[in-house]
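Presented below are the structures under discussion, each in the form of C-alpha coordinates.
Below, chain A partners chain B and then partners chain C, in two separate complexes.
Then we have the complex of A and B:
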(Lines of atoms letter the chains of each structure in order from A and count residues from 1; the text may use other names and numbers.)
(Lines give C-alpha, C1' and ligand atoms only; values in the text may rest on other atoms or scores of the structure.)
Protein backbone atom coordinates (compact mmCIF):
# COMPACT_ATOMS: atom_id res chain seq x y z
CA UNK A 1 0.00 0.00 0.00
CA UNK A 2 2.78 2.43 1.00
CA UNK A 3 4.78 1.77 -2.18
CA UNK A 4 1.64 2.15 -4.31
CA UNK A 5 0.81 5.54 -2.73
CA UNK A 6 4.37 6.85 -3.20
CA UNK A 7 4.43 5.56 -6.79
CA UNK A 8 1.12 7.25 -7.67
CA UNK A 9 2.28 10.48 -5.97
CA UNK A 10 5.54 10.51 -7.94
CA UNK A 11 4.08 9.45 -11.31
CA UNK A 12 1.20 11.96 -11.21
CA UNK A 13 3.62 14.70 -10.09
CA UNK A 14 6.10 13.99 -12.88
CA UNK A 15 3.31 13.72 -15.48
CA UNK A 16 1.96 17.08 -14.30
CA UNK A 17 5.39 18.65 -14.89
CA UNK A 18 5.44 16.99 -18.30
CA UNK A 19 1.96 18.35 -19.13
CA UNK A 20 3.05 21.93 -18.38
CA UNK A 21 6.24 21.32 -20.36
CA UNK A 22 4.03 20.36 -23.31
CA UNK A 23 2.13 23.66 -22.88
CA UNK A 24 5.47 25.49 -23.20
CA UNK A 25 6.51 23.44 -26.24
CA UNK A 26 3.15 24.05 -27.95
CA UNK A 27 3.29 27.80 -27.30
CA UNK A 28 6.86 28.13 -28.53
CA UNK A 29 5.99 26.41 -31.79
CA UNK A 30 2.28 27.12 -32.41
CA UNK A 31 0.40 25.08 -35.00
CA UNK A 32 -3.20 24.77 -36.16
CA UNK A 33 -4.43 22.78 -33.14
CA UNK A 34 -2.18 24.44 -30.55
CA UNK A 35 -4.98 26.33 -28.76
CA UNK A 36 -6.98 23.13 -28.16
CA UNK A 37 -3.94 21.12 -27.13
CA UNK A 38 -2.67 23.81 -24.74
CA UNK A 39 -6.07 23.83 -22.97
CA UNK A 40 -6.04 20.03 -22.69
CA UNK A 41 -2.44 19.82 -21.39
CA UNK A 42 -2.99 22.60 -18.82
CA UNK A 43 -6.21 21.02 -17.55
CA UNK A 44 -4.59 17.57 -17.35
CA UNK A 45 -1.56 19.07 -15.56
CA UNK A 46 -3.78 20.79 -12.99
CA UNK A 47 -5.84 17.64 -12.35
CA UNK A 48 -2.63 15.59 -11.95
CA UNK A 49 -1.26 18.10 -9.42
CA UNK A 50 -4.45 17.73 -7.35
CA UNK A 51 -4.25 13.91 -7.55
CA UNK A 52 -0.58 14.03 -6.51
CA UNK A 53 -1.54 16.37 -3.65
CA UNK A 54 -4.30 14.11 -2.31
CA UNK A 55 -2.37 10.83 -2.69
CA UNK A 56 0.93 12.25 -1.39
CA UNK A 57 -0.93 13.97 1.44
CA UNK A 58 -2.65 10.72 2.44
CA UNK A 59 0.73 8.94 2.52
CA UNK A 60 2.34 11.80 4.45
CA UNK A 61 -0.37 12.00 7.09
CA UNK A 62 -0.99 8.25 7.47
CA UNK A 63 2.47 6.66 7.14
CA UNK A 64 5.31 9.17 6.88
CA UNK A 65 4.79 10.86 10.25
CA UNK A 66 4.73 7.63 12.24
CA UNK A 67 6.95 5.24 10.22
CA UNK A 68 9.53 7.37 8.39
CA UNK A 69 9.97 10.75 10.08
CA UNK A 70 11.20 9.42 13.48
CA UNK A 71 13.82 7.19 11.81
CA UNK A 72 15.15 10.02 9.61
CA UNK A 73 15.28 12.41 12.58
CA UNK A 74 17.18 9.89 14.71
CA UNK A 75 19.51 8.96 11.82
CA UNK A 76 22.72 10.48 10.52
CA UNK A 77 20.93 13.10 8.38
CA UNK A 78 18.08 14.67 10.36
CA UNK A 79 18.22 17.73 8.06
CA UNK A 80 16.54 15.60 5.39
CA UNK A 81 13.30 15.87 7.35
CA UNK A 82 13.85 19.14 9.19
CA UNK A 83 14.87 21.15 6.13
CA UNK A 84 14.11 19.21 2.93
CA UNK A 85 10.79 17.53 3.83
CA UNK A 86 9.46 20.57 5.67
CA UNK A 87 10.29 22.78 2.67
CA UNK A 88 8.84 20.24 0.19
CA UNK A 89 5.53 19.74 1.98
CA UNK A 90 4.87 23.47 2.20
CA UNK A 91 6.23 24.63 -1.18
CA UNK A 92 4.15 21.87 -2.81
CA UNK A 93 1.04 23.74 -1.62
CA UNK A 94 1.89 26.57 -4.05
CA UNK A 95 1.54 24.35 -7.12
CA UNK A 96 -2.25 23.80 -7.18
CA UNK A 97 -2.83 27.56 -7.12
CA UNK A 98 -0.17 28.37 -9.72
CA UNK A 99 -1.60 25.69 -12.01
CA UNK A 100 -5.17 27.03 -11.56
CA UNK A 101 -3.84 30.50 -12.45
CA UNK A 102 -2.00 29.32 -15.59
CA UNK A 103 -4.99 27.21 -16.69
CA UNK A 104 -7.38 30.06 -15.90
CA UNK A 105 -5.43 32.47 -18.14
CA UNK A 106 -5.32 29.86 -20.94
CA UNK A 107 -9.08 29.16 -20.82
CA UNK A 108 -10.02 32.83 -20.43
CA UNK A 109 -7.85 34.12 -23.26
CA UNK A 110 -9.05 31.58 -25.89
CA UNK A 111 -7.79 32.57 -29.37
CA UNK A 112 -6.08 35.65 -27.93
CA UNK A 113 -3.48 33.37 -26.35
CA UNK A 114 -1.72 32.79 -29.66
CA UNK A 115 -2.18 36.33 -31.02
CA UNK A 116 -1.44 38.39 -27.90
CA UNK A 117 2.28 38.30 -27.17
CA UNK A 118 1.84 39.48 -23.55
CA UNK A 119 -0.70 36.79 -22.67
CA UNK A 120 1.49 34.11 -24.26
CA UNK A 121 4.50 35.37 -22.30
CA UNK A 122 2.50 35.32 -19.06
CA UNK A 123 1.48 31.69 -19.58
CA UNK A 124 5.04 30.71 -20.54
CA UNK A 125 6.40 32.37 -17.40
CA UNK A 126 3.89 30.67 -15.10
CA UNK A 127 4.43 27.27 -16.74
CA UNK A 128 8.20 27.67 -16.38
CA UNK A 129 7.69 28.45 -12.69
CA UNK A 130 5.47 25.36 -12.22
CA UNK A 131 8.06 23.19 -14.02
CA UNK A 132 10.99 24.57 -11.99
CA UNK A 133 9.22 24.19 -8.64
CA UNK A 134 7.99 20.75 -9.73
CA UNK A 135 11.53 19.65 -10.61
CA UNK A 136 12.89 21.02 -7.32
CA UNK A 137 10.17 19.11 -5.42
CA UNK A 138 11.00 15.93 -7.39
CA UNK A 139 14.67 16.34 -6.40
CA UNK A 140 13.68 16.86 -2.76
CA UNK A 141 11.50 13.73 -2.95
CA UNK A 142 14.53 11.78 -4.21
CA UNK A 143 16.62 13.09 -1.29
CA UNK A 144 13.92 12.12 1.22
CA UNK A 145 13.63 8.58 -0.26
CA UNK A 146 17.42 8.20 -0.13
CA UNK A 147 17.49 9.49 3.45
CA UNK A 148 14.69 7.13 4.45
CA UNK A 149 16.52 4.12 3.00
CA UNK A 150 19.77 5.20 4.69
CA UNK A 151 17.84 5.44 7.98
CA UNK A 152 16.65 1.86 7.56
CA UNK A 153 13.10 2.36 6.26
CA UNK A 154 11.79 -0.42 4.02
CA UNK B 1 -15.05 30.18 -19.59
CA UNK B 2 -14.05 33.74 -18.68
CA UNK B 3 -12.29 34.29 -15.38
CA UNK B 4 -11.21 37.57 -13.82
CA UNK B 5 -7.46 37.23 -14.39
CA UNK B 6 -6.47 40.16 -12.22
CA UNK B 7 -8.47 38.73 -9.32
CA UNK B 8 -7.05 35.25 -9.97
CA UNK B 9 -3.52 36.69 -9.74
CA UNK B 10 -4.35 38.56 -6.50
CA UNK B 11 -5.86 35.45 -4.92
CA UNK B 12 -2.87 33.30 -5.98
CA UNK B 13 -0.32 35.72 -4.49
CA UNK B 14 -2.33 36.19 -1.28
CA UNK B 15 -2.87 32.42 -0.89
CA UNK B 16 0.85 31.71 -1.33
CA UNK B 17 1.65 34.30 1.34
CA UNK B 18 -1.05 32.88 3.61
CA UNK B 19 0.73 29.50 3.35
CA UNK B 20 4.04 31.18 4.27
CA UNK B 21 2.46 32.91 7.30
CA UNK B 22 0.64 29.76 8.50
CA UNK B 23 3.85 27.72 8.09
CA UNK B 24 6.15 30.08 9.99
CA UNK B 25 3.57 30.99 12.65
CA UNK B 26 2.90 27.29 13.20
CA UNK B 27 6.59 26.60 13.78
CA UNK B 28 7.08 29.55 16.12
CA UNK B 29 3.93 29.04 18.19
CA UNK B 30 3.14 25.63 19.66
CA UNK B 31 -0.39 26.66 20.54
CA UNK B 32 -1.10 27.74 16.96
CA UNK B 33 0.35 24.50 15.55
CA UNK B 34 -1.81 22.54 18.00
CA UNK B 35 -4.85 24.52 16.87
CA UNK B 36 -4.00 23.70 13.23
CA UNK B 37 -3.49 20.04 14.12
CA UNK B 38 -6.70 19.54 16.11
CA UNK B 39 -8.86 21.36 13.56
CA UNK B 40 -8.63 18.54 11.00
CA UNK B 41 -6.37 15.95 12.62
CA UNK B 42 -3.14 17.22 11.02
CA UNK B 43 -1.63 20.71 10.70
CA UNK B 44 -0.77 20.15 7.02
CA UNK B 45 -4.36 19.19 6.10
CA UNK B 46 -5.65 22.32 7.86
CA UNK B 47 -3.14 24.49 5.97
CA UNK B 48 -4.20 22.95 2.64
CA UNK B 49 -7.93 23.29 3.34
CA UNK B 50 -7.60 26.84 4.65
CA UNK B 51 -5.57 27.78 1.55
CA UNK B 52 -8.18 26.34 -0.83
CA UNK B 53 -11.09 28.06 0.95
CA UNK B 54 -9.13 31.34 1.20
CA UNK B 55 -8.22 31.18 -2.52
CA UNK B 56 -11.85 30.74 -3.62
CA UNK B 57 -13.28 33.35 -1.21
CA UNK B 58 -10.60 35.96 -2.05
CA UNK B 59 -11.09 35.36 -5.79
CA UNK B 60 -14.84 36.02 -5.61
CA UNK B 61 -14.46 38.98 -3.24
CA UNK B 62 -11.84 40.70 -5.40
CA UNK B 63 -13.79 39.87 -8.59
CA UNK B 64 -16.65 41.99 -7.25
CA UNK B 65 -14.35 44.97 -6.65
CA UNK B 66 -11.66 44.78 -9.34
CA UNK B 67 -12.44 44.94 -13.04
CA UNK B 68 -10.53 42.53 -15.24
CA UNK B 69 -8.21 44.79 -17.17
CA UNK B 70 -5.04 43.01 -16.22
CA UNK B 71 -1.82 43.18 -18.12
CA UNK B 72 -1.17 39.45 -17.99
CA UNK B 73 2.61 39.73 -18.37
CA UNK B 74 3.02 42.20 -15.51
CA UNK B 75 0.82 40.09 -13.26
CA UNK B 76 2.62 36.88 -14.17
CA UNK B 77 5.91 38.59 -13.30
CA UNK B 78 4.44 39.80 -9.96
CA UNK B 79 3.12 36.34 -9.15
CA UNK B 80 6.42 34.69 -10.12
CA UNK B 81 8.48 37.07 -7.96
CA UNK B 82 6.10 36.61 -5.01
CA UNK B 83 6.30 32.82 -5.40
CA UNK B 84 10.11 32.68 -5.69
CA UNK B 85 10.39 34.92 -2.59
CA UNK B 86 7.97 32.66 -0.72
CA UNK B 87 10.04 29.56 -1.65
CA UNK B 88 13.26 31.25 -0.47
CA UNK B 89 11.63 32.36 2.81
CA UNK B 90 10.24 28.89 3.60
CA UNK B 91 13.56 27.16 2.76
CA UNK B 92 15.57 29.83 4.62
CA UNK B 93 13.28 29.59 7.64
CA UNK B 94 13.64 25.81 7.96
CA UNK B 95 17.38 26.06 7.42
CA UNK B 96 17.64 28.73 10.13
CA UNK B 97 15.34 26.68 12.38
CA UNK B 98 17.52 23.59 11.98
CA UNK B 99 21.03 25.04 12.21
CA UNK B 100 21.99 25.38 15.89
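Then we have the complex of A and C:
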Protein backbone atom coordinates (compact mmCIF):
# COMPACT_ATOMS: atom_id res chain seq x y z
CA UNK A 1 0.00 0.00 0.00
CA UNK A 2 2.80 2.42 0.97
CA UNK A 3 4.76 1.65 -2.20
CA UNK A 4 1.63 1.99 -4.32
CA UNK A 5 0.87 5.45 -2.88
CA UNK A 6 4.46 6.68 -3.43
CA UNK A 7 4.48 5.22 -6.96
CA UNK A 8 1.19 6.94 -7.88
CA UNK A 9 2.43 10.21 -6.33
CA UNK A 10 5.69 10.10 -8.35
CA UNK A 11 4.20 8.91 -11.65
CA UNK A 12 1.34 11.44 -11.67
CA UNK A 13 3.77 14.23 -10.70
CA UNK A 14 6.24 13.34 -13.47
CA UNK A 15 3.46 12.95 -16.06
CA UNK A 16 2.12 16.38 -15.06
CA UNK A 17 5.54 17.91 -15.82
CA UNK A 18 5.52 16.19 -19.22
CA UNK A 19 1.96 17.39 -19.92
CA UNK A 20 3.03 21.02 -19.45
CA UNK A 21 6.21 20.32 -21.42
CA UNK A 22 4.00 19.17 -24.30
CA UNK A 23 2.09 22.47 -24.06
CA UNK A 24 5.44 24.27 -24.53
CA UNK A 25 6.45 21.98 -27.42
CA UNK A 26 3.08 22.55 -29.15
CA UNK A 27 3.31 26.33 -28.73
CA UNK A 28 6.87 26.44 -30.08
CA UNK A 29 5.71 24.94 -33.37
CA UNK A 30 1.96 25.67 -33.75
CA UNK A 31 -0.04 23.56 -36.20
CA UNK A 32 -3.69 23.23 -37.17
CA UNK A 33 -4.68 21.20 -34.10
CA UNK A 34 -2.39 23.01 -31.61
CA UNK A 35 -5.20 24.92 -29.86
CA UNK A 36 -7.13 21.70 -29.14
CA UNK A 37 -4.03 19.77 -28.06
CA UNK A 38 -2.76 22.56 -25.80
CA UNK A 39 -6.13 22.62 -24.01
CA UNK A 40 -6.08 18.83 -23.55
CA UNK A 41 -2.45 18.74 -22.28
CA UNK A 42 -3.00 21.62 -19.86
CA UNK A 43 -6.18 20.06 -18.47
CA UNK A 44 -4.53 16.65 -18.08
CA UNK A 45 -1.49 18.28 -16.42
CA UNK A 46 -3.69 20.14 -13.93
CA UNK A 47 -5.70 17.00 -13.06
CA UNK A 48 -2.47 15.02 -12.58
CA UNK A 49 -1.05 17.69 -10.28
CA UNK A 50 -4.18 17.47 -8.12
CA UNK A 51 -4.04 13.64 -8.06
CA UNK A 52 -0.35 13.80 -7.06
CA UNK A 53 -1.22 16.37 -4.36
CA UNK A 54 -4.06 14.30 -2.85
CA UNK A 55 -2.15 10.99 -2.96
CA UNK A 56 1.06 12.60 -1.60
CA UNK A 57 -0.93 14.34 1.13
CA UNK A 58 -2.67 11.10 2.14
CA UNK A 59 0.70 9.28 2.24
CA UNK A 60 2.25 12.07 4.34
CA UNK A 61 -0.57 12.11 6.90
CA UNK A 62 -1.01 8.33 7.12
CA UNK A 63 2.54 6.93 6.84
CA UNK A 64 5.32 9.51 6.42
CA UNK A 65 4.57 11.54 9.55
CA UNK A 66 4.43 8.53 11.83
CA UNK A 67 6.87 6.00 10.26
CA UNK A 68 9.43 7.83 8.12
CA UNK A 69 9.85 11.34 9.56
CA UNK A 70 11.01 10.20 13.05
CA UNK A 71 13.65 7.89 11.51
CA UNK A 72 15.00 10.65 9.23
CA UNK A 73 15.10 13.14 12.11
CA UNK A 74 16.99 10.67 14.32
CA UNK A 75 19.37 9.69 11.47
CA UNK A 76 22.61 11.24 10.22
CA UNK A 77 20.87 13.80 7.97
CA UNK A 78 17.89 15.30 9.81
CA UNK A 79 18.00 18.28 7.41
CA UNK A 80 16.45 16.00 4.77
CA UNK A 81 13.17 16.49 6.60
CA UNK A 82 13.63 19.86 8.28
CA UNK A 83 14.91 21.61 5.13
CA UNK A 84 14.10 19.55 2.02
CA UNK A 85 10.69 18.13 2.96
CA UNK A 86 9.55 21.40 4.51
CA UNK A 87 10.60 23.29 1.36
CA UNK A 88 8.94 20.68 -0.87
CA UNK A 89 5.67 20.86 1.05
CA UNK A 90 5.45 24.62 0.74
CA UNK A 91 6.86 25.16 -2.75
CA UNK A 92 4.56 22.44 -4.13
CA UNK A 93 1.56 24.60 -3.25
CA UNK A 94 2.45 26.95 -6.12
CA UNK A 95 1.86 24.18 -8.66
CA UNK A 96 -1.92 23.59 -8.39
CA UNK A 97 -2.61 27.33 -8.60
CA UNK A 98 -0.11 28.03 -11.38
CA UNK A 99 -1.54 25.12 -13.38
CA UNK A 100 -5.12 26.41 -12.89
CA UNK A 101 -3.95 29.86 -14.01
CA UNK A 102 -2.18 28.50 -17.12
CA UNK A 103 -5.12 26.27 -18.03
CA UNK A 104 -7.56 29.14 -17.41
CA UNK A 105 -5.62 31.46 -19.74
CA UNK A 106 -5.42 28.74 -22.39
CA UNK A 107 -9.17 28.03 -22.27
CA UNK A 108 -10.25 31.68 -22.12
CA UNK A 109 -7.93 32.93 -24.87
CA UNK A 110 -9.00 30.30 -27.47
CA UNK A 111 -7.71 31.27 -30.94
CA UNK A 112 -6.06 34.41 -29.47
CA UNK A 113 -3.44 32.15 -27.91
CA UNK A 114 -1.81 31.44 -31.25
CA UNK A 115 -2.33 34.90 -32.77
CA UNK A 116 -1.48 37.14 -29.84
CA UNK A 117 2.26 37.03 -29.15
CA UNK A 118 1.92 38.40 -25.60
CA UNK A 119 -0.68 35.79 -24.56
CA UNK A 120 1.43 33.01 -26.06
CA UNK A 121 4.53 34.26 -24.26
CA UNK A 122 2.63 34.49 -20.96
CA UNK A 123 1.44 30.88 -21.29
CA UNK A 124 4.94 29.74 -22.28
CA UNK A 125 6.47 31.45 -19.23
CA UNK A 126 3.83 30.04 -16.90
CA UNK A 127 4.39 26.52 -18.27
CA UNK A 128 8.17 26.96 -17.99
CA UNK A 129 7.70 27.97 -14.35
CA UNK A 130 5.48 24.95 -13.69
CA UNK A 131 8.07 22.66 -15.31
CA UNK A 132 10.99 24.18 -13.35
CA UNK A 133 9.16 24.03 -10.01
CA UNK A 134 7.99 20.51 -10.91
CA UNK A 135 11.57 19.41 -11.63
CA UNK A 136 12.79 20.97 -8.37
CA UNK A 137 10.01 19.15 -6.48
CA UNK A 138 10.96 15.88 -8.24
CA UNK A 139 14.61 16.35 -7.25
CA UNK A 140 13.62 17.04 -3.64
CA UNK A 141 11.39 13.95 -3.65
CA UNK A 142 14.24 11.71 -4.78
CA UNK A 143 16.54 13.35 -2.21
CA UNK A 144 14.01 12.59 0.55
CA UNK A 145 13.63 8.95 -0.55
CA UNK A 146 17.47 8.63 -0.63
CA UNK A 147 17.65 10.13 2.87
CA UNK A 148 14.88 7.81 4.09
CA UNK A 149 16.68 4.78 2.70
CA UNK A 150 19.94 5.93 4.33
CA UNK A 151 18.03 6.23 7.62
CA UNK A 152 16.91 2.60 7.33
CA UNK A 153 13.42 2.97 5.88
CA UNK A 154 12.30 0.34 3.34
CA UNK B 1 18.67 -5.03 -10.56
CA UNK B 2 14.89 -4.92 -10.33
CA UNK B 3 12.76 -4.80 -13.47
CA UNK B 4 11.78 -1.17 -12.85
CA UNK B 5 15.41 -0.08 -12.40
CA UNK B 6 16.32 -1.96 -15.62
CA UNK B 7 13.58 -0.24 -17.63
CA UNK B 8 14.43 3.20 -16.21
CA UNK B 9 18.15 2.60 -16.99
CA UNK B 10 17.19 1.74 -20.58
CA UNK B 11 15.05 4.89 -20.83
CA UNK B 12 17.93 6.97 -19.40
CA UNK B 13 20.48 5.60 -21.88
CA UNK B 14 18.13 5.91 -24.87
CA UNK B 15 17.34 9.53 -23.92
CA UNK B 16 21.07 10.28 -23.73
CA UNK B 17 21.63 8.70 -27.16
CA UNK B 18 18.82 10.76 -28.68
CA UNK B 19 20.46 13.88 -27.22
CA UNK B 20 23.27 13.44 -29.79
CA UNK B 21 21.40 15.90 -32.06
CA UNK B 22 24.08 18.66 -31.87
CA UNK B 23 26.52 16.29 -33.65
CA UNK B 24 24.12 15.64 -36.53
CA UNK B 25 22.93 19.25 -36.63
CA UNK B 26 26.54 20.41 -37.08
CA UNK B 27 27.18 17.80 -39.79
CA UNK B 28 24.02 18.82 -41.67
CA UNK B 29 24.87 22.53 -41.33
CA UNK B 30 28.34 21.87 -42.75
CA UNK B 31 26.76 19.88 -45.59
CA UNK B 32 24.46 22.84 -46.33
CA UNK B 33 27.57 24.86 -47.13
CA UNK B 34 28.70 22.16 -49.57
CA UNK B 35 25.31 22.15 -51.33
CA UNK B 36 25.53 25.96 -51.65
CA UNK B 37 21.78 26.29 -51.18
CA UNK B 38 20.72 29.92 -51.70
CA UNK B 39 19.33 31.58 -48.57
CA UNK B 40 15.60 30.92 -48.20
CA UNK B 41 15.21 28.46 -51.09
CA UNK B 42 13.45 25.11 -50.60
CA UNK B 43 16.55 23.14 -49.54
CA UNK B 44 17.52 25.88 -47.10
CA UNK B 45 13.99 26.08 -45.65
CA UNK B 46 13.84 22.28 -45.38
CA UNK B 47 17.04 22.17 -43.29
CA UNK B 48 16.05 25.22 -41.26
CA UNK B 49 12.71 23.59 -40.35
CA UNK B 50 14.43 20.39 -39.21
CA UNK B 51 16.81 22.38 -36.99
CA UNK B 52 14.05 24.60 -35.63
CA UNK B 53 11.61 21.79 -34.81
CA UNK B 54 14.23 19.67 -33.05
CA UNK B 55 14.15 22.00 -30.02
CA UNK B 56 10.89 20.55 -28.66
CA UNK B 57 12.20 16.99 -28.96
CA UNK B 58 15.46 18.02 -27.27
CA UNK B 59 13.56 19.38 -24.24
CA UNK B 60 11.65 16.10 -23.94
CA UNK B 61 14.81 13.95 -24.12
CA UNK B 62 16.66 16.23 -21.67
CA UNK B 63 13.87 16.15 -19.08
CA UNK B 64 13.47 12.38 -19.51
CA UNK B 65 17.22 11.97 -18.89
CA UNK B 66 17.01 14.26 -15.84
CA UNK B 67 14.07 12.52 -14.17
CA UNK B 68 15.29 8.98 -14.93
CA UNK B 69 18.78 10.00 -13.74
CA UNK B 70 17.39 11.31 -10.45
CA UNK B 71 15.47 8.05 -9.99
CA UNK B 72 18.56 5.92 -10.69
CA UNK B 73 20.62 8.03 -8.28
CA UNK B 74 17.97 7.62 -5.60
CA UNK B 75 17.88 3.81 -6.12
CA UNK B 76 21.68 3.47 -6.41
CA UNK B 77 22.53 3.65 -2.68
CA UNK B 78 25.00 6.48 -3.24
CA UNK B 79 23.89 8.21 -0.04
CA UNK B 80 23.92 11.98 0.33
CA UNK B 81 27.56 12.54 1.31
CA UNK B 82 29.99 14.49 -0.91
CA UNK B 83 31.56 11.31 -2.35
CA UNK B 84 33.27 11.10 -5.77
CA UNK B 85 30.24 9.39 -7.44
CA UNK B 86 27.94 12.07 -6.03
CA UNK B 87 30.23 14.85 -7.25
CA UNK B 88 30.29 13.24 -10.71
CA UNK B 89 26.51 13.05 -10.57
CA UNK B 90 26.40 16.73 -9.60
CA UNK B 91 28.63 17.47 -12.61
CA UNK B 92 26.20 15.60 -14.88
CA UNK B 93 23.28 17.46 -13.31
CA UNK B 94 24.89 20.87 -13.87
CA UNK B 95 25.88 19.85 -17.41
CA UNK B 96 22.28 19.01 -18.21
CA UNK B 97 21.12 22.38 -16.90
CA UNK B 98 23.77 24.10 -19.06
CA UNK B 99 22.37 22.19 -22.06
CA UNK B 100 18.82 23.28 -21.19
CA UNK B 101 19.98 26.87 -20.76
CA UNK B 102 21.81 26.91 -24.11
CA UNK B 103 18.82 25.34 -25.86
CA UNK B 104 16.45 27.85 -24.26
CA UNK B 105 18.66 30.74 -25.38
CA UNK B 106 18.59 29.43 -28.94
CA UNK B 107 14.80 28.80 -28.85
CA UNK B 108 13.71 32.04 -27.18
CA UNK B 109 16.37 34.54 -28.31
CA UNK B 110 18.19 33.47 -31.49
CA UNK B 111 15.46 31.52 -33.32
CA UNK B 112 12.75 34.24 -33.20
CA UNK B 113 15.27 36.69 -34.71
CA UNK B 114 16.12 34.19 -37.47
CA UNK B 115 12.40 33.64 -38.15
CA UNK B 116 11.66 37.35 -38.41
CA UNK B 117 14.68 37.87 -40.70
CA UNK B 118 13.40 35.09 -42.97
CA UNK B 119 10.06 36.91 -43.14
CA UNK B 120 11.88 40.14 -44.06
CA UNK B 121 14.12 38.46 -46.63
CA UNK B 122 11.83 39.10 -49.59
CA UNK B 123 10.83 42.62 -48.59
CA UNK B 124 14.11 44.34 -47.78
CA UNK B 125 17.63 44.63 -49.07
CA UNK B 126 18.55 40.96 -49.40
CA UNK B 127 22.26 41.40 -48.78
CA UNK B 128 21.77 43.22 -45.49
CA UNK B 129 19.23 40.67 -44.21
CA UNK B 130 21.39 37.76 -45.45
CA UNK B 131 24.41 39.03 -43.55
CA UNK B 132 22.36 39.33 -40.33
CA UNK B 133 20.92 35.85 -40.88
CA UNK B 134 24.34 34.32 -41.43
CA UNK B 135 25.67 35.95 -38.25
CA UNK B 136 22.79 34.49 -36.20
CA UNK B 137 23.20 31.08 -37.80
CA UNK B 138 26.93 31.14 -37.01
CA UNK B 139 26.09 31.98 -33.39
CA UNK B 140 23.59 29.10 -33.25
CA UNK B 141 26.27 26.81 -34.70
CA UNK B 142 28.73 27.82 -31.95
CA UNK B 143 26.03 27.03 -29.37
CA UNK B 144 25.53 23.58 -30.97
CA UNK B 145 29.28 22.86 -30.75
CA UNK B 146 29.27 23.93 -27.07
CA UNK B 147 26.25 21.65 -26.46
CA UNK B 148 28.14 18.76 -28.06
CA UNK B 149 31.12 19.34 -25.76
CA UNK B 150 28.89 19.55 -22.65
CA UNK B 151 27.08 16.37 -23.70
CA UNK B 152 30.41 14.53 -24.14
CA UNK B 153 31.54 15.81 -20.71
CA UNK B 154 28.31 14.45 -19.18
CA UNK B 155 28.97 11.04 -20.79
CA UNK B 156 32.58 11.10 -19.53
CA UNK B 157 31.27 11.70 -15.99
CA UNK B 158 28.54 9.08 -16.40
CA UNK B 159 30.87 6.18 -17.20
CA UNK B 160 32.83 6.83 -14.00
CA UNK B 161 29.96 6.69 -11.52
CA UNK B 162 30.79 3.15 -10.35
CA UNK B 163 34.58 3.26 -10.92
CA UNK B 164 36.06 6.78 -11.09
CA UNK B 165 39.09 7.35 -13.34
CA UNK B 166 42.12 9.42 -12.34
CA UNK B 167 42.06 13.22 -12.63
CA UNK B 168 44.69 13.13 -15.40
CA UNK B 169 42.61 10.73 -17.51
CA UNK B 170 39.61 13.01 -16.97
CA UNK B 171 41.56 16.05 -18.18
CA UNK B 172 42.79 14.13 -21.26
CA UNK B 173 39.25 12.93 -22.07
CA UNK B 174 37.80 16.43 -21.68
CA UNK B 175 40.50 17.88 -23.97
CA UNK B 176 39.74 15.17 -26.55
CA UNK B 177 36.00 15.97 -26.26
CA UNK B 178 36.78 19.66 -26.84
CA UNK B 179 38.97 18.86 -29.87
CA UNK B 180 36.29 16.59 -31.35
CA UNK B 181 33.58 19.24 -30.83
CA UNK B 182 35.79 21.85 -32.53
CA UNK B 183 36.45 19.46 -35.41
CA UNK B 184 32.72 18.82 -35.89
CA UNK B 185 32.17 22.59 -35.78
CA UNK B 186 34.72 23.12 -38.55
CA UNK B 187 34.14 20.11 -40.83
CA UNK B 188 31.61 17.37 -41.58
CA UNK B 189 33.98 14.72 -40.09
CA UNK B 190 34.29 12.49 -43.17
CA UNK B 191 36.36 9.95 -41.19
CA UNK B 192 33.94 9.67 -38.27
CA UNK B 193 36.38 10.50 -35.48
CA UNK B 194 38.13 13.25 -37.43
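As a working rule, the second predicted complex is superposed on the first by the 154 of 154 C-alpha atoms of A that agree within 3 Å, B and C clash if a C-alpha of one lies under 4 Å from a C-alpha of the other, contacts with A are read in each partner's own complex, and residues count from 1 in each chain.
Basically, a contact is a pair of C-beta atoms (placed from the backbone, for glycine too) under 8 Å apart; a residue touches a chain by one contact, two chains touch by 3 or more.
Not measured: the values here are computed from a predicted model.
For the composite obtained by superposing both complexes on chain A, the positions of chain B and chain C are free of clash and fit together.
Judged by the touch definition given at the top, the superposed model places A:61 against chain B, while chain C stays out of reach. Annotation for chain A, partner touching more residues between chain B and chain C: B. When the two structures are aligned on the shared chain, A:147 is found in touch with chain C, with no touch to chain B.
In the superposed model, A:98 lies in contact with chain B only, and not with chain C.
In the superposition on chain A, A:87 contacts chain B only, with no contact to chain C. Of the two partner chains placed by superposition, only chain B is touched by A:53; chain C is not.
When the two complexes are overlaid on their common chain A, residue A:4 makes contact with neither chain B nor chain C.
Between chain B and chain C the least C-alpha distance in the superposed model amounts to 15 Å. In the superposition on chain A, the residues of chain A contacted by chain B and by chain C do not overlap at all.
Chain contact summary for the complex, chain C toward chain A: residues 52-53, 55-57, 59-60, 63, 66-67, 70-71, 73-74, 77-80, 107.
On the side of chain A, the complex with chain B involves touching residues 53, 57, 60-61, 65, 78-79, 82-83, 86-87, 89-91, 93-94, 96-98, 100-101, 104-105, 107-109, 116, 118-119, 121-123, 125-126, 129, 133, 136. Interface residues of chain B, counted against chain A in their complex, comprise 1-3, 5, 8-9, 11-12, 15-16, 19, 23, 41-42, 44-45, 47-48, 51-52, 55, 71-73, 75-77, 79-80, 83-84, 86-87, 90-91, 94-95, 97-98. For chain A in complex with chain C, the residues that touch the partner chain are 14, 17-18, 21, 24-25, 28-29, 77, 80, 131, 135, 138-139, 142-143, 145-147, 149-150.
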